[in-house]
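In the two assemblies presented below, chain A is common to both, partnered first by chain B and then by chain C.
Our next item is the complex of A and B:
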């Protein structure tokens, strides 16, 4: 079973340009907001030590460029991700429409072991702004269609819901990592056709 | 070449073979996938050949007119290449052909998915990647047709033996003559002795020792040129065949010339600038002025004027009167384009999603470009409107490119300096013309630069490149931000202006900005390797250099590196191509390059002006 040593959770934040990826990351890690963040070029990450379910974990949060054409470079950064955070701007309908392609592109490039069970979390950011273009209901419907992705409405500017959202992200990432560790532990000896030994998987996670 | 007319027989073929490396004239074929053949010509002196043909011949595919480009090692061909044959020359070979007699060794790598052929003169003839499966069968066929021996130290390397009697006699002679040395070390005696008994095995075993002997004791090397050349060739072949692919470098790699310091000069002053213009306001010696800017940059109070030349807004040879006329024309042209988007109706916009998307992106980026600078700070700052208007007009100027993130960073210092919408626009156009490939939709330009950076760094710091490769960082993505906006995010405003104006001169070579990267990475080598950084730490370390770089020091180093590369004996055409240096043809051996290739006029001038400036400065 998974060891008790300190774990590193790799989290990737994706979404259209200017939805607030950098701001969310900085609000969560440094509890700071600035409207002077420059457009992200290339990629960068911040780390934060947190305790999740009594376990001490290090979250490594990756911030990437939002313009579509820079995504071909993503593959190098997506590798080994434990959770993918999709962000849209609740006042900008186009950023919501792009979610499908962000999700698909991530799955293609990161090619996780079990794409259908890979944890995503959706954040509808900028709820402090008016007018609202995407309702909570609409966002939740999208999440339901995608295998019940957890959804949070946040404001990086006001720090609203950011802590809660990232806690959920950490939990999902940890669950993902544990199930992957289980897979590693079990496969070399025998392939089990039942999933009774997999406490953290939501559904049938066996790839057979 | 008459071979195409003689009857030929196909002995072997394998498809799904990608061309990875070849001589310069095949640059357009690199990375194409094709079929590899072994053919036998009934009536020819080079009977058997290895031939590669791309699957989709999209260039000049006149089937009737078969042009055969023979990759051979005959040195007469190199003359044509020293004339700097452009990569997209009109002669488009359709078929890459290597005569068996020219293959001196070959090796497999990457789990036998890659095959590299060597010409025995320190150069790779060509390298193929086998996309479907491996080259095992081909190797079997090759070894059946060529007499080969596997190298002792590398079971993937095969030395081809062509004419045993001749070659053995040559080596025999040269080593016998080595006996005349005063007090040769015992290893050499032993070598000569066992060489007679087991010539080839002994050669391979003892080359490394001979390397040491030859390199370490130049004062004892009173041997004539023939012997030296023969030894050198064999040694470089051995070294190069061991420094390719995934293998540790075990032989002594050729050394770079000593690094020299090229101290920075003073910025171009208003007085110098004035003196270099004639009575009509024409710049008389453009190259000299560029060189002065390269060496020292431009005095801040003169940038307003000089940048317009550096960014190809004003032609260098224009007179004052011509520039006045040009200003009027460019003014009209700009406002015409600006009106095009200003007049776009809502319906037009609604029906033009690409345009809407670009407009939206510009709006967002303008609001987060250098807002900490006074010039762009505060709400409703009119300069933000200028930034926006110029970028929007650029969309009209270049529909294909449109707006890509990073462009606002490139425009910001230009507008800040010129404080004039029209001038800033045209200067921005000039800058974009220089680096538009950074913004390709498929990122091809960026990928190519990252690859070229890897190649250049490998030439200067093979150890570091090896380290990066082994730590998931061989793609050099950690330099992406540096390259995309030319260090705009890493440097202060003043420093970035200095760096850009130096780079805009295009001196001392093409892609000098990559050597700037090499210089910084070389400085960081120790930090990266001693801390045993992996992919994430390397990226973090490089990102964190922001605000810590010393532009002048980096430029001194980069220039030193340029001269080291230029003067290196083992300089390859691949590197020459990246830096825009005249090609000499891959077949030529290093000694010849040094003795026969004339310095280009630019280089001459470079030395001349550099010397004169040294005098002025001291």
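Our next item is the complex of A and C:
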């Protein structure tokens, strides 16, 4: 392990509209669920502290904010993702069919250094609903074809498997970061704008 | 997946340039129903960034007009792309080839309109106060250079710079510090200089020719004719932004300036704005002098207000055609213009020379996320005189060539400047046109314009109040079928 410094993992959730991306996030981070369908409003990103193999990790989970609805997610959304979570609705076959294009879109836009090893996790959501259109077997077959993507069947409504799925997401993202230390440090010293007047270390804070 | 757009909005915004995107974010933020739509399949319009492959394709479509809405007055013109390396090299070769560069295409983020931000400028303050800063990262410009007496020189911007600079004599150091101090304290009296130039002021201060060069052309970014008070204002602005985020007053957004529009669009989307790129925009629905909606494909979409990029407007909306252009060049090079142990993010302020205007040169290394390792992207930006090729010839001749950095790929173009034009539309009244990129180094003027347009459309509404942090969004109610998700953010946005 390269260092013990605080780890921030950026996780993005992709999938068709209304498969439950925002609900999964909310269930995981806030343990809340709403049955009322609403195109994503107010969902931005949520953070959660998790412990993975004795390491404290901050997971930042980014919602599409509804920009996927008319295929209008910009490249900025994909920057620096450590893990990509693909979601489909087990009762809606079209959302399963879209998975290939979501995965391809991610690989094109995020262009990770090692696309074949980039961590994806697949979630088949809404298992509390009937009738089921996509069997576990079918989903698992798809995952096998894509270099053994981990697969979880979840219900954001009942909180089923959500905790386990996100823990696996954190683990995979972390493993990825550890195996590519270079990648982690690809862009050191980035500046996050905050409302501080941080004095310059060289004593340049005053111009005169 | 949805294919049909909703058909009723408070405001439709066509085009995803910087001003349009700021207005979109501001309107969504106060609870307006926003449709933000673009015929392009990318964000940013004339402010966009492209990868290497995409910018080359752009060159071939520039003269074609979008079917339906739009005009050609503001199209990017004079596009010329040239490769300066062989298309292929032997497998064992370490030299770059066209093929190996294109293989890295997606590592490039090439801005049509590259911008820097003043660390204490209005734009940075807006990003922070609105909480939009969380959608992007920045790098500090690490050195400011100028071209003086036939070579590149580092401009001393701060106290430590002034003292570390061995080209500046002790007496000059004292002069410069005295000037900075006087400008900073505001005690200086400029009464006699109201009708004089900044150069005259600096000359009267008995600054040496070299110091005048540094202050006039680099720090104040002036010409010989700039009025004194403007020069003073510019210098103060430069000094005010020092020491906040880095060694120079300037910040550059990671992955290129094209990210900026996407940050504002993201906020708009988070607050309910509907986003649709790549849309078949057919026309506007007008009723006398009133805009009522747009036709998109086979759909009619209604809204009370329309905001659109000038380049998206029907030709008869455009009262004045562009009179001047921004000359641009983008180069991919194999070395820095001024080599150094660590990678620099360089701003070179090239003074006016031989009838050519002053030029902003921005050199970006791989740490900015705009090009692959071991390469640099160089942007040249100037007020066009003859055309980009001729306007930059002397600069490129001085900075590149044998023994210096080599140019691997070059791209020249002109962007018509729509900022000095009257873009008001006589009729309909509920339509606002937004200008495209300006010649400014930064976005502060774009922010001012966006805010003025927003206030005009939505009087008495707050402009981009702070967006809540995700942790502040509280979801009320427990799991039940009749659950209501009440987001604090939502209630916040309805309080106008």
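What we mean here is this: the second predicted complex is superposed on the first by the 165 of 208 C-alpha atoms of A that agree within 3 Å, B and C clash if a C-alpha of one lies under 4 Å from a C-alpha of the other, contacts with A are read in each partner's own complex, and residues count from 1 in each chain.
We take it that contacts are C-beta pairs under 8 Å (C-beta built on N, C-alpha and C of every residue); 3 or more make two chains touch, one makes a residue touch a chain.
All values reported here derive from a predicted model rather than from experimental measurement.
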Go through the superposed model and pick first if A:17 touches only chain B, second if only chain C, both, or neither. both
For A:65, using the defined touch cut-off, is the partner it touches chain B, chain C, both, or neither? Pick first, second, both or neither. both
Contact-wise, after the overlay, does A:45 reach chain B, chain C, both or neither (first, second, both, neither)? both
Quick one: is A:153 in contact with chain B, with chain C, with both, or with neither? Answer first, second, both or neither. neither
With both complexes superposed on chain A, which partner does A:82 reach: first (chain B), second (chain C), both or neither? neither
Going by the contact rule stated at the top, is it chain B or chain C that touches a larger number of residues on chain A? C
So, A:26: does it touch chain B (first), chain C (second), both, or neither? second
Return first, second, both or neither, reflecting whether A:98 touches chain B, chain C, both chains, or no partner chain. second
Please indicate which partner A:111 is in contact with in the superposed arrangement: first for chain B, second for chain C, both, or neither. second
In the superposed arrangement, what residues of chain A touch both chain B and chain C? 17, 35-36, 38, 41-45, 65-67, 69-70, 72, 76-77, 79, 94
Chain B to chain A touching residues, read off their complex: 357, 360-361, 364-365, 367-372, 404-406, 408-409, 439-443, 446, 472, 475, 477-478, 480-481, 484-485, 489, 535-536, 539-540, 543
Residues of chain A defined as touching chain B within the complex: 17-18, 35-39, 41-45, 60, 65-67, 69-70, 72-73, 76-77, 79, 94
Contact footprint of chain C on chain A as seen in their complex: 16-17, 26, 30, 32-36, 38, 41-47, 65-67, 69-72, 74-77, 79, 94, 98, 108, 111, 157, 187-195, 197-200, 202-208
Counting only contacts in the complex, chain C reaches chain A at residues 1-2, 5, 42-43, 106-107, 124, 127-129, 133-140, 157-161, 177, 180-181, 184, 239-240, 242-247, 251, 254-255, 259, 262-263, 265-266, 269-272, 274-279, 367, 369, 470-471, 473, 475, 477-485, 487, 489-490
